[in-house]
Structure formats: C-alpha cells, structure tokens
Amino acid sequence: MINVTVWSEFSLSCKCAEALAVYPEGHHKLIADALNKCKNIKAVSATLDMPNQGLPDELLNKTDVLFWWGHCKHDDVTEELADKIARRVYGGMGLVLLHSAHLSKPFKRIIGASGRLNWGEGGERERIWVVNPAHEIAQGLPEYIDLEKEEMYGEPFGIPEPDETVFLSWFKGGRVLRSGVTYRRGAGKVFYFQPGHEGFPTYYNPHIQQILINATNWAYSGGRTQKVDCDCVLPIEPLD
Amino acid sequence: MINVTVWSEFSLSCKCAEALAVYPEGHHKLIADALNKCKNIKAVSATLDMPNQGLPDELLNKTDVLFWWGHCKHDDVTEELADKIARRVYGGMGLVLLHSAHLSKPFKRIIGASGRLNWGEGGERERIWVVNPAHEIAQGLPEYIDLEKEEMYGEPFGIPEPDETVFLSWFKGGRVLRSGVTYRRGAGKVFYFQPGHEGFPTYYNPHIQQILINATNWAYSGGRTQKVDCDCVLPIEPLD
Amino acid sequence: MINVTVWSEFSLSCKCAEALAVYPEGHHKLIADALNKCKNIKAVSATLDMPNQGLPDELLNKTDVLFWWGHCKHDDVTEELADKIARRVYGGMGLVLLHSAHLSKPFKRIIGASGRLNWGEGGERERIWVVNPAHEIAQGLPEYIDLEKEEMYGEPFGIPEPDETVFLSWFKGGRVLRSGVTYRRGAGKVFYFQPGHEGFPTYYNPHIQQILINATNWAYSGGRTQKVDCDCVLPIEPLD
Amino acid sequence: MINVTVWSEFSLSCKCAEALAVYPEGHHKLIADALNKCKNIKAVSATLDMPNQGLPDELLNKTDVLFWWGHCKHDDVTEELADKIARRVYGGMGLVLLHSAHLSKPFKRIIGASGRLNWGEGGERERIWVVNPAHEIAQGLPEYIDLEKEEMYGEPFGIPEPDETVFLSWFKGGRVLRSGVTYRRGAGKVFYFQPGHEGFPTYYNPHIQQILINATNWAYSGGRTQKVDCDCVLPIEPLD
C-alpha cells in the first residue's frame, strides 16, 4: 500500500467562485479521490491552514509519495517544513510537484532551481507530447494529450537538465515547455508536471489522472532508502 | 578580469593553534593570494564575522565566482543570504564549494542535496584521480595527485548524479569519493572539491592551486546570463 | 585557428533542381563560406563522392570540428570511416550533426541512439526556442527564431537524455522537437541541430549561421584531449 | 518470466586450464545457473562459436535481458549482429555488459564510448563500494564487497557521464574505477559491471550473484517499448 498525501495551499485563488465551480472541494480532494480508486494507493489530502501547515511529523513520516500544489502562498510555508520535506525526499519519499509549485520552496531547494518561466493568462490550448514513451509515467497514454484550456507556461524554464524528460508541451500561441520532468535526489524520485491551473478542469481528464497514478507508482521507493546524516567512521584496512 | 570572492566562516576551528600553524591568516587568504597571481583574476576574501556576514549586496553582485568554505557555522548563515547566493548562481555567478561546504546552505539548496557522507578524523593519505582529463578544470595536472594527509570523506555521498565527474579520490584506508564534481544550475556553474581540511597544508599544493585557478576560469560565465524571475507574456501567433 | 570540415553526402536529393535553386553549390559550401567569415575559423568542405569518401586520414586528423550532413546515403559511409570519426571525437574533435544526420552512422554510434523521429513532408512553419539562453551556442540570438518553412521533425526522438538541451522547436502543425541538443563523448563535444532541409533556405538565415558559428567555437576542444586506447599499467603503491 | 540470454565469446582465454579450473563449463554457464535459481528468471547461455554467433533472430527477439561477456574476439562479432542488438536495446531489451565487454561492439556503439581504461595483470584486491544504496541494483548488499583478487581496471574510463553511478571500486594498488554504471538508451536499460576476469572466482561470490540478479530485474522493461524506426506523419491541426 502506497501512502500518498496530496497537499495544497488551498488559498483564496482556489476558493474563488471560478475555481470552486470547477473543483467544489478543491482539486487536492479530486486528486486524492482519483488516486484512491487504485487498490494499492491510500491517499489523504492536507492544506496549508491545517495545524503544522497540514504536515505534522507523524503524517509526513509515513507519507510515501507527497503531492504538492502551491501558488500564492509559497512564502508562508516555513523553512522548517521545507527542510523536513527535503530530508524525507533524500531518504526515499517520492515528490510530485504540480503546476505553480515550480516556485515553491520544496521545488526550488530539492531540485536546486529558480523555477522561472514565462506564463500567460486566460487559458490556451495545450498539447502534451509523450517524448519518452517507455517511461513508467507514460504508460497507458496516447501519443499526445490535448487540453482545451490551460495556463500557458513557456520556456526558458529555470531547471537543471532533467534526469528524464517525459513530456513536452506545445501551446497554440507559439510556445513550448518541458512539462513533465524527473529528478533523482538522494533515494527520492521527484516529478514535476505542469498542467493544473485551479480554474481549469484538467485534473478530471482521465489521461491526466493516469499520469498522476503512474507517477505515484513510479515515485514510490518501495522502502529503498539512503542515509541523510553523516557518519564518523574508522579506516577499513583491507586484508592483504 | 574575473572578480572572485573567497568566503570562509573563519570560525574557531580555523583559528585554533593547529590551524593557524598551517594557515596563519586562514586558508581563505592563501587561496585569494594564489588566485591573485593570475593576471585575469582579482580575488578578495570575506568572512562570516564581517558586516552582512561578509557578503553585502554590493560585493555579492559584482562577484563573478564565489568560493565557499564552511564547517561549524553552516546554521549561522542566514536563509536570506543563502537565497541571494542561489539567485546570483542562477543568474550566472560561478560557485566553488570547498571541503566541508558539502553541508552548507549554498551547497544543499543550490545543488539540491543532503550532502551526507562518511568522514574519518586524523588525516589519511588521499590520491586524487583525474577521471575526465579533457575537462577544463583538469588542465595542467598529472594523472593523479597524492596528498599525504587529508580528512577522509567517503561514499555514499548524498549528491545528485553529477553533470561531470572530474576527480575521484582513493583513500589508503580503503574508501573512495567522487571528490570533484560539477553541476550547471541556471546560468551558473558549480564545482564541489573535497580536499581542504583547515589543519592540513593542502591549499599550498601547486596542483591543488592549479585546480582552483582552473575552476575559476571554468566557472566564470563571461557575462552569459539567464533570467531568474518569471515573466507574464502574451501569445505570439505565428504568421501563416 | 579552428579547422572545420563541412561534410555532406551531396547526393541526388541535394543536386535536384529544387535544391540547386536554393543552394547552387550545395549547402555545405554555403555553410563553409559562412564559417569562413570568422577570423578564427578556417573551413573546407568535403563530399561523399571524393576519394576516401571525402575524409582521408590527413584531413580528418587535422579537423578540429566536423560538420556532418547526410540523408539518403547513410549506408554508403563505410564502417571504417564511421569508426575513425568516432575515435577522433573521443580524442577531442568536435562534431556538429545537421538535420537528417540523425540517422547517420556517426550520430547513431557516437551518441548511442536510434535517432528515430516523426517527420512530415512539404515544409511547415517552425519556431526554434532558446531554452538555455546562457549556453555558448545560444549567444547573440533572439528569444526564438521563426523559419517560414522547414521539414517537420517531431517527437518521440530516439536520443539519450541530452547533456544539455539548448533549443526546442514548435511546429505549426502541432508538434514539438528537442531540436538542439549536446552530448560529451570522451574529450569531444557533439551538437545535433535539426533545421536544414536541402530544399529550404534555412542556412541563409543569419541567426542559423550564428548558431553554426557558436557551435564551432563551443565544440572546439582547444587541444584538450583524452586517450582512446587502453594502457597496461603497474600498481602504484602509495608511500607508507 | 524474464527471458535472459547469457552470451560469452568463450574463446581460448576462457578455455585455458587456468580458467577451466575455476569455471569448468565457462562462467556464462555459472551465471545462467545463478540466475535460474530465481523463480521469475529463465536464463539460457550462448557462445560465439554457435550458429549465428549464438544469437539467431529467434533467440535475440525473445530475449528480455542480454548479458554480454567478451574479451579477445570483439572484432569477430559481426557489424550486423551488433546492429541487431542495438535495435533490440532501443526497443526495450535490457543489456548487462560484463568485465572486458567495455571494448565490445555492443558497449561502444550502444553507450557511445571508446571504453578505454587502464588495466593491470595478475590480480589485485578490489573493494566495490555501493555509492547509490537506494538503487535497485544495490539491494541486499553490504556497504562494500571485497574481492580478494580481480583484474585491475582503473580510471580514466572512456565513458559518457553515467545516468547513474551505482558502484565505485577501490584497488589496493592505488587506483579507482566507476565499476557499476547505468545508461538508458531508447527504451532499453544498460548496466556495465567491471568485475569478472575469466580466471578469478568472482561470479561465485553471492554478493556478485545478487548484483546480477538485481540487474536482471532492473533491466527488464516489462514490455515497455519505444519505436526504433521513423514514421512519416501528417500535421495534426489542433481544434481552435
């Protein structure tokens, strides 16, 4: 069983009439529900306004894969929480960063990136190409996925060269983005996936849900871990 | 002219009798002096106890390549300063992280790493192998460099897979380390180099000085930059 | 002085009326002429129908950067020549692979790739985005370059994850491609660049010429080399 | 069930008295036997002197993971067979390259590498460090593995920067090697693992056998595939 926590800042931009019309309980709930349809996944959701910013140690330490969605409240997340999440990732927790999380503390300090990009308001047709069709995250998908309306995010995207580029997006207005990229950080696997504006029904799309399910299974370390703290050791003289 | 700032925490461990016997003014001074022998480099040194922790905006913003050495005072460096350094790196400043900087805030958040490793006290023979002899940082070196005594740092080293592995170290006691590794982060080039305990005369070694000079030239972006902040843009409909 | 050889198969597809109308002497000549405008570059051209398939040892061994354009005659290039080129690259020669060279022997065996992609005839508007604006190959360019008509090459592109992704292309018909990617192979630097169909005037575009000039300067190893053959060696026992 | 073929050139160096004293039927048989102890693996062995050099299409096309060991007869392997293996890897077949396979045609053309290194005769104590303890190939292992005697292979090793560095080796005589490295090539996963001289009992070591079993499970694509040939396609005009 993979324990997933779907975290969202769930701030005003998610609670405005426009967003609630699409996601009445917030898209974090919808994502958790979609993941819970899988027998091997147990997903809960958490939000910034909860105690311990939604991630008390007890929950964080048993989370196998953390989904993170933030937009307007990146600065409200404490340094302490960001550090704890980083430690958990280095120790093996999976991390799925969604949409405007590209400017969040976990994204910036775990990937090591500015996260900068160009963005355009209003919504634009996006076509997501599978460029690595053998990747675990791309299983069960068509060649490409069309989204009628998404927030445009365009290059140059301030990220290190990805370990794996899974998706590239084409926008009707003439821009492109590396929209699905992976990084290994310590024992943890990290996936950034660009679509998911709070006002568009992207997370209802069955292909997008398939990607999130695939990402969960891919990011789950299966208990494989790596130390995070230094050890003082003695020389190990080999036998001659 | 490449403007270098050699920063050191210069705390008690650097000011004890044992360390001052080797580096009477601190190794940061010695490194700056070594770099200043190059006509194209202008190096200054800075320490944690100076105003603005040694890196006021005016200095940081004109620094082309920052050397960073820290050991016991990582936590004293402010989040604000670590963030400013990260921004400068993403915008093109070079960063050379020395020895125990593997646990510093700039290392951890710019590379995206725990920095954990095994370490052994007392000093041990180290042999540094050039594994990428065509790399700019390895020019003018022999096949390998022997250091009679260095602090042992051994794998597993908590770093992302390097963009380039330049040096691997062999320790007499039976351990190994990826001791010279590079990362590109935004427009900035980052180099971590393991030798340099405050009590050993490593930085007097002419091969080690050559590496630091090479790293300076390599890490200097030559003015090539990249935006760090997001831009809101309009669609660019192509002509048909 | 950087010695460049611009190699083209210059076969029927380049000699048909349509292609000669655009490049009367072949695009290899035009590229060599463009490079020769730089004071630090000395470019010659070579074609498949010349003795030794255009690359006798004497020429190959003094070539610092090799440009390669092939399309219909990949199989005619001998294994022996492909092997010689690979050895030269591992030893430090730069390699710039153009357009349909993605299926050439040098591309496939030096990068280690199938080179497969989708392609569309007839010509289509292409927009080339600079995604790594600090990269040496991207200097002096605008944010993006519009080509009125190019052969469409679309993902999935059968390449290893690039060491550096410099350009991504957007095609009006709805496709995308990683159109400018770099690889380090031994001491050699390799750049693949997608535009350049024999019937379109792409290589006249001053931005495209700038890219080819930048690529030459970037790929030039400056004499930094690396051994290609194995050595039998003795143990090096460290002192005490 | 994972279908494995363990290929060896099984030439004179494997059939001399010294080698047969260690591996009476050749180490390829021993490896196949070790893999066959796993319920989910079905391994067969094949040698260069068999029809079709041991890999007729029927066998190659149903092989999920190919082990390759060669030493003196690299040049005898046909270009045609090397090309077929490359195509299978790009399409998803796993490839495990053992010991002196670093100069084999499959290694050089699939990874894109010279494979050069330093080597020392006679046998030397080797210590293999796990540097990526969370990697699938490193599961069930101690911190390091001591081999009393192995052929020394030392840096500089002519390989592209690995996608993942799993093992680093320390040799008593003062050298080091990146001894376990992975590459993704198309849909295929490739692992090179250095130990395994024909005259030393390395493949009897239970930790080494564990690594080969882990590598099989890791390299198995589970049916995930990727096209190897180009497709001619039409533009896909998006709905407006």
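In this document, chain identifiers A, B, C and D correspond to the written order of the chains, with residue numbering beginning at 1 in each.
Just so it is clear, a residue touches a chain if its C-beta (ideal position, glycine included) is under 8 Å from a C-beta of that chain, and two chains touch if they have at least 3 such contacts.
As the structure is a computational prediction, the values presented were derived from the model and not from experiment.
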item: Pair joined by the larger number of C-beta contacts - A-B, A-C; value: A-B
item: Contact-pair overlap exceeding half with B-C, pair selected from A-D, B-D or C-D; value: A-D
item: Chain A-chain C separation of Cα centroids, rounded to whole Å; value: 36
item: Intercentroid distance (Cα basis), chain B paired with chain A, Å; value: 31
item: Overlap residues in chain C, where contacts from two or more other chains coincide; value: 127, 132-133, 144, 154, 156, 161, 163-164, 171-172, 174-175, 184, 186, 226-227, 236, 238
item: Contacting residues of chain B [partner chain A, same complex]; value: 79, 86-87, 90, 103, 108-114, 116-121, 124, 152, 154, 156, 158, 160-161, 163, 171-175, 183-186, 226-238
item: Partner chain B, residues of chain D touching it in the complex; value: 127, 129-133, 144, 154-157, 161-165, 168-171, 174-176, 178
item: Contacting residues of chain A [partner chain D, same complex]; value: 92, 125, 127, 132-136, 139, 144, 146, 148, 163-164, 172, 184, 186-187, 221, 224-227, 236, 238-240
